[in-house]
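Some notes on the structure that comes next.
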Amino acid sequence: MNAANMYLGALVAMCVGAVLAVILRKNDSLVNYVAHGMALGGSIMAVLCAIFVFTQGGISLPLFEWGQVGVVTARLDFLAAFFLLIVGVIGSLASVYAIGYCREFYRHRLWLMATCFNGFLLAMILVFTVSHVAAFLVAWEVMTIFSFGLVIHKWEKVAVRRAAYIYMVMTHVGTAFIVAAFLILATSAGSLAFEDLRHANLAGPTASIVFLLALIGFGTKAGMIPVHVWLPLAHPAAPSHVSALMSGVMIKSAVYGLSRFLLEFLGTGPAWWGGLIMVLAIISCVLGVLYALMENDIKKLLAYSSVENVGIIFLGIGAGLVFMAKGMPLPAGLAWAAAWFHTLNHAVFKSLLFLGAGAIVQKNHTNDMEKLGGLIKKMPRTALAFIIGSLAISAFPPINGFVSEWLTFQTLFQLSHGIAGIGGKVTGAVFIALLGLTGALAAACFVKAFGITFLAKPRSEQAENAGEVSPLMIVPMLMLSALCVAIGLWPQVVLNMLNATLSQYWGTATAVIFDYQQLGLVLNTGMTDSVMGISTVTGMVLAGLIAAVLLAKLGAKPREQVVETWTCGITPTARMEYTATGFSKPVRTAFSAILRPQRHKVISTNANSYYGRSLEYRLNINYVLHDKLYYPVNNGILRAAKFLRRLQSGHLQLYIGYVLAVTVVALIWSSR
Amino acid sequence: MSSVLYGVLLVPLITAGAVLMPASSRGVKVVNIIGSAVSSLLLGFIIYLINTSGYLRLGALYADHLSSLFLTVIAVLSFTASLFSASYMEKELITEKQDLKALKRYYFLFNIFCLTMISVLIVENLGLMWVAVEATTLASALLVAFYFNRAAIEAAWKYVMVCTVGICLALLGTILLYYAQLSAGLGGDALSWLVLKENGALLDERMIKLAFVFIIIGYGTKVGLAPMHTWLPDAHSQAPSPVSGLLSGALLSCAIYVIMRNIAIVKASAGFEFVQQLLMALGLFSILIAIPFLLVQHDVKRLLAYSSVEHMGIITFALGIGTPLSVYGALLHIFNHAIAKSALFYMAGVLTREYRTKQILRIKGLVKAKPALGAILLVLVLIITGSPPFGVFFSKFIITWAAFAAGFKLAGGVFLILVAAVFAGMLYYCCQMLFGQPAGSVQQVSIGKPAMAAMVLSVAIVAVTGLYVPDFFNNALRLAAAIVIGG
Amino acid sequence: MNLLIILLMLTAFFLTRVTNLRTAVGIFLVQSAMIALASIVIGIETGEIHYYIAGLLTVVIKTAIIPYMLFAIVKRLSKERETNSVLSPNVSSLAAAGATVLAYGFIDQALPGVISRDALAAAVSLVLIGLQIIIIRRQAVLQIVGLNTMENGLYLLSLSVTNGLPLIIELGIVFDMLVAVAVLGILTYRIKISYSSTDTTLLRKLKG
Amino acid sequence: MINTLISAFILLAIAPLIEGIIKTAKARLQNRRGPSILQPYYDLAKFFSKDSVVSPTVSVMFRLAPYIYFATAFAAAGVVTFGGPVSRLADMLILVYLLGLGRFFLALASLDAGSAFGGMGGSREMFVAILVEPALLLALVSVAFKADSMVLSGMAATASTLPFSMPYILSAIAFFIVLVAETGRIPVDNPDTHLELTMIHEGMILEYSGRSLGLIHLASMVKQTLTLMLFVAFFVPWQLPGLTAIGLDWVWVLVKLVLAAVLLAIIETSTNKMRLFKLPGFLAVSCLLSLLALVAQ
């Protein structure tokens, strides 16, 4: 029982799971239990492995020798272990969920999905652990391919195919950037092993180029604006337990990659690196959550919200870079800790929400919130899980989202010391305000998501007849909810892990950042005074609840009358309820400069004019980046391609002319 | 032992004669498969001999590690093509209303074609190599025109004209090389590769530059480098699919081989830097030119043909980098590309026959009509576009690495972007063919066992080289790269 | 020798002007005969036996077999003649003259002070004119003739620069040319059947 | 902990009084007599003993929301503490997010009954919150940067040592704008209206009656008082040394609080309600002032 055994065990379990799924493909229920069971086992071993690493220290084990590129090792240091923990926790719970959820896919290529699922988890574990450029890239791309297989699983739908295609292409282009970044480093270091890359010692401009390449490459995978386009398409297209993994874990592989690059390989760079990341991050935050708020498709809403949360994570990373450039390890450590903490938190609550969305979609057969409603009575446990997830993602105390968002706020607050003069204060204040705006928008977004989906009367027949999902799906959701609350109340556990990870890069210098006093968490950055008494505040809220109950019981015991909701005298129906579109209307109007909503009114007159007219009202918002960047570029490329196709005109004479021409050019060139 | 080199030329010749004998199509098939199996085994034996003894030499015939890699390609491809032809041509003859005579003609030319390709690889003299290369064009031209329909004739005509013009330029270059040899006082063994290689440094720089402009453009025409590639999509799309596979996988590789032999001569000469630059420019340009045709394409076989242009560009680019690592990558890439691309052409053959169209937009729903075939198609497309964990990724990665390591950072970056763009095009059309609803008439796609075996074999080989390069193969590649570039 | 070269150039110039296929093949025959003669002349000058063999080979293949095959094809192509070339005969003759000037310039630049300057220039201009014929002419047979002109130029080049390639290579090259003409002949015949014309600009179906 | 609880209860006790003062002041300014200053206490007492009407549509969320709303307001009161934010328990972020938590539940509850009015109220409430949040954070941060601390006690302590200056006034105005928005006063919201289409907060709680409504009202009053408390602590921090000496500075705090309440009433009577979509501009002014205050420091 040590980290190495657990690690190899996890890999083997998932390999076996993938293979068994193929072998047993004739028997769906067997595939379901065996393959997902293996995935569960593997994930648990991954968690244990991470725990062993944190308790016994990091290890490094050679995996195999690979032809021209050298020995591939797996290095399990604290950073790897932290991400391994994420993939293990989310992977194991998603596996359990999958057993219940995948019954829907019996007789529908379940074996293929189960194979890809195991392969996907395996690839993610490898991404977080292998310590060799070529192996990392293989794992990275294999991760993409397996997730492509999962995204495209319902390939009968055109939208799904399109989503999968865009996902694959964008990630592939992103990978090209990552490859370039790695190879510049590797060339300079003269080795493909991660251990040697830190000795690359790049000159300033080269380092900046590598940084930009890595940022674009990993940013694409993370779903950072402006290269986020695949994300809101791919996540809703995938089956929900996969969406949970993709959103919760896979996009975090980019955070992992950036951490390795920025902390290990590149060394300290100029401050504008951090500034650039922060600007892109805050744009991701605000735009991401705005688009999420506009969305009526529950899974798409969650996907856009992932864009927002990636922004929050990157905000931490960017601030970390700024502080590193200024030679301030304490706030830098705080910033990185905030980013990683949010990574973990987002993994937990976003997978929780996606699992919840999966339960909803399974029972209602629609993603459209306008067709849902009243589910809190039909699926109370799912509702409980979903509300906790919603609170967490809106960063309300005392749930986990708050802790990391608070850390991020603190990081931004330190900026006044990171940047000299009044600029630091103004920058800090603006970022804090925008992050606050993001938080408020997120809260509005999840009021909408939960309120429209779970409350009031069902808006469709399916929602009317929905029931609770199987316990196998409920239990993981509730466990994730419990995790949300636990991390929120006892962030010390996670912070200790993060402290260990930070010590990998700053030694003992950052050991004093987090201090737990009676009051709560105290930050020691040596610059500002910050306290978070989360337990005290929780206590106060509980006291408030008791006070409220006492107050309410103060008077005589009143009766309660049940009377229909008052709707100006008409019997209320579901069609009178406030809609999801209506709920987001004020924001749409206020931010119309960004969202640019368009309304289409379709009035169709019936043949018989006495029946009156039917009025259809459609509303869509325009994505600025699509309109101004992606469509023009895409069309331009295609138009250029169509034009260039004339080169192959079919004229033999022309072809021979080409040969002649290139000969002449080469001759001239040769005589130069 | 060296006399086995004669054997390897004789076997295809005998098979070519033998396929004319039987009276039934089944007999022809069996004879051909036996013949190509024997030929492949013999090639395997030669490869084994080379691996143990370094090289074989017999008169004008010569084979070393460099040849051995390409001979491996020929051995695998001629065998898979025979296997695939066995089930493919039979059905094809029915749909195209051809008779036994046509089948015999097909197999006759097929074997002659293999013969010419093998002879390219085992002659020692650069002049004879030119002769053999021209012979491949002529042997395959009639295969391209096999159906003798308008499109096939057009393709064959263009193929012969463009390639012959190109190859004439190569002859010009070869003559200039000979002149350089004479000027350097290396008379005697005219155009002997071994002599030239030994004394490459003595050759005159200006002459080398001049000669290599013609040699690279001339043989580059045969390789399918842009802008001399124009014949390639026509010929590859009109030939019967097994032949397309051979053309794309084996013939292009043979042409690259000839360029490699020529480069090996001048690696020590002062003109080499120019040669490198020319190769890199042509390589990148080929990838670039292939992209529009890969992004907007209607014909499945032309799509694959343009992908060949792209891959030849990659290989040429790698040759241009000119470090042992990059040549290693190039060689590995040739191997992987040959096998994967031939399998893709076989696949395209099955698709075009079953759907009775080459139009990509009319080929739909393969995963529904024949899931196993759909899976192979997807895997093959992933392979050819360089997705891990398959061989092509590995070789592309090595090439990119070599580019960066040699200091060509910008070229390496451009290369990466171009390759990613190719990926977008290929995957798009792959998805088009895989998914959707198959057209009414095509609900079931049938495929013969030998054809399936040919494709599965190819996939298996490329999958293995991606994850694990066996030691002997690794060594052989290193030695072959050393022959080309030294080090 | 110089006379031969001048005659060779003349044949090439004529080739740029003819529209009748039969005449073109005839001119090609004459041109090949000149080449063979050149080979034998060099043989006489150097006294080496392999020039005689090479000359003989040229006579057999290039003045007998290939023209015979081409005449056989042309016989089947009644009413085929070159019309509407890309360039008019006058312009193409001018272009051929330009090619000759270019060839001289090229030789002077690439190989300054070479002994057989005129022969070399003639060889290069033959290659260029052959190429030009392929590019300008639409008739399949004329393109074949153009190709052969190129080859003749190369042969002359090897003769003048390096005193000829080794015999076995020469043999291979000539054999290749023979097969090439055979293959192209078959294709020409098929083009005639399929398109009822051997105008190669009709071959424009494959594009993109 | 005990102190916190006690101060929370004190705030709880005086909150209706402040509300009563505002109402009375408003009535006087409008030349009315107005109800008794203690009227809010009577109202609350009535609410807690009244029967309630509940729609059959509603779920547990509807019943739970008032309690949570109240609890968060209570906890926030504990964090701020009467007499100025002196606790080192928590910082401004916790305060902001605690208030947000309560609002979150109330907005959910507004959707629960299934009436369009509730939904509209909830939607608008969240919209106003979106606008208020950055303005509030900016206003607080402009103080926090001075103190180099986001902890409320630290901020208050620094505020009392600062000279009366230009950035100080800018900050104060900015904060007051936020205060008006946060407490749902004219020109942002009209607490007294009962015309459905103009209501924000009142629309949201339209379905509530009886003790649930009582809890919500009480919590809103607490929220209002603690926001005023913050204003007083940060922007009117001056002490009367004499009163401090005899341990009666709470009287002084109460006086300041009453004055602030009267100021609120004056503003409410002298302006009229804005259209909803004018609000972004209104709060942008606050943001701008805060930034100016920062720059001018």
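By letter and in written order, the chains are A, B, C and D; residue numbering begins at 1 in each of them.
By definition in this document, contacts are C-beta pairs under 8 Å (C-beta built on N, C-alpha and C of every residue); 3 or more make two chains touch, one makes a residue touch a chain.
As the structure is a computational prediction, the values presented were derived from the model and not from experiment.
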Fewest touch steps from subunit B to subunit D? 2
Among the chains here, which has the CA centroid at the largest distance from subunit A's centroid? C
If you tally contacting C-beta pairs, which comes out ahead, A-B or A-D? Let me know. A-D
Kindly work out which chain lies most centrally, taking the average of its C-alpha atoms as its position. A
Distance-wise, how many Å sit between the C-alpha centres of subunit A and subunit D, to the nearest whole number? 35
Cα-centroid distance, subunit A relative to subunit B, in whole angstrom: 44
Taking each chain's centre as its mean C-alpha position, how far apart are subunit A and subunit C in Å? 69
From the mean C-alpha coordinate of subunit B to that of subunit C, what's the distance rounded to whole Å? 31
Which residues belonging to subunit C are in contact with no fewer than two other chains? 110, 131, 134, 200, 203-206, 208
Shared interface positions of subunit A, touching two or more other chains: 645, 648, 652, 656, 667, 671
Where in subunit B do residues touch two or more of the other chains? 157-158, 161, 165, 210, 233, 293, 296
Touching pairs among all chains present in the structure: A-B, A-C, A-D, B-C
For subunit C, which residues count as touching subunit B in their complex? 110, 127, 131, 134, 140, 143, 147, 150-151, 154, 157-158, 161-162, 165-166, 168-169, 172-173, 175-176, 179-180, 183-184, 186-187, 190-191, 194-195, 200, 203-206, 208
Subunit A - residues contacting subunit C, complex: 645, 648-653, 656-657, 660, 667, 671
Can you check the complex and tell me which residues of subunit B touch subunit A? 157-158, 161-162, 165-166, 169, 209-210, 212-214, 216-217, 221, 227-228, 230-231, 233, 274, 278, 289, 291-293, 295-296, 325, 328, 367, 382, 387-389, 393-394, 397-398, 400-401, 403-405, 407, 409, 412-413, 416-417, 419-420, 423-424, 427-428, 431, 434-435, 468-469, 474
For the subunit B and subunit C complex, residues of the former touching the latter: 60, 125, 127-128, 130-132, 134-135, 137-138, 141-142, 145, 148-151, 153-158, 160-161, 164-165, 168, 171-172, 175-176, 178-179, 182, 190-191, 206, 210, 233-234, 237-238, 293, 296-299, 302
Subunit A residues within the subunit B interface of the complex: 66-69, 134, 137-138, 141-142, 145, 152, 155-156, 161, 164-165, 168-169, 172-173, 175-177, 179-180, 183-184, 186-187, 192, 637-638, 640-645, 647-648, 652, 654-656, 658-659, 661-663, 666-667, 669-671
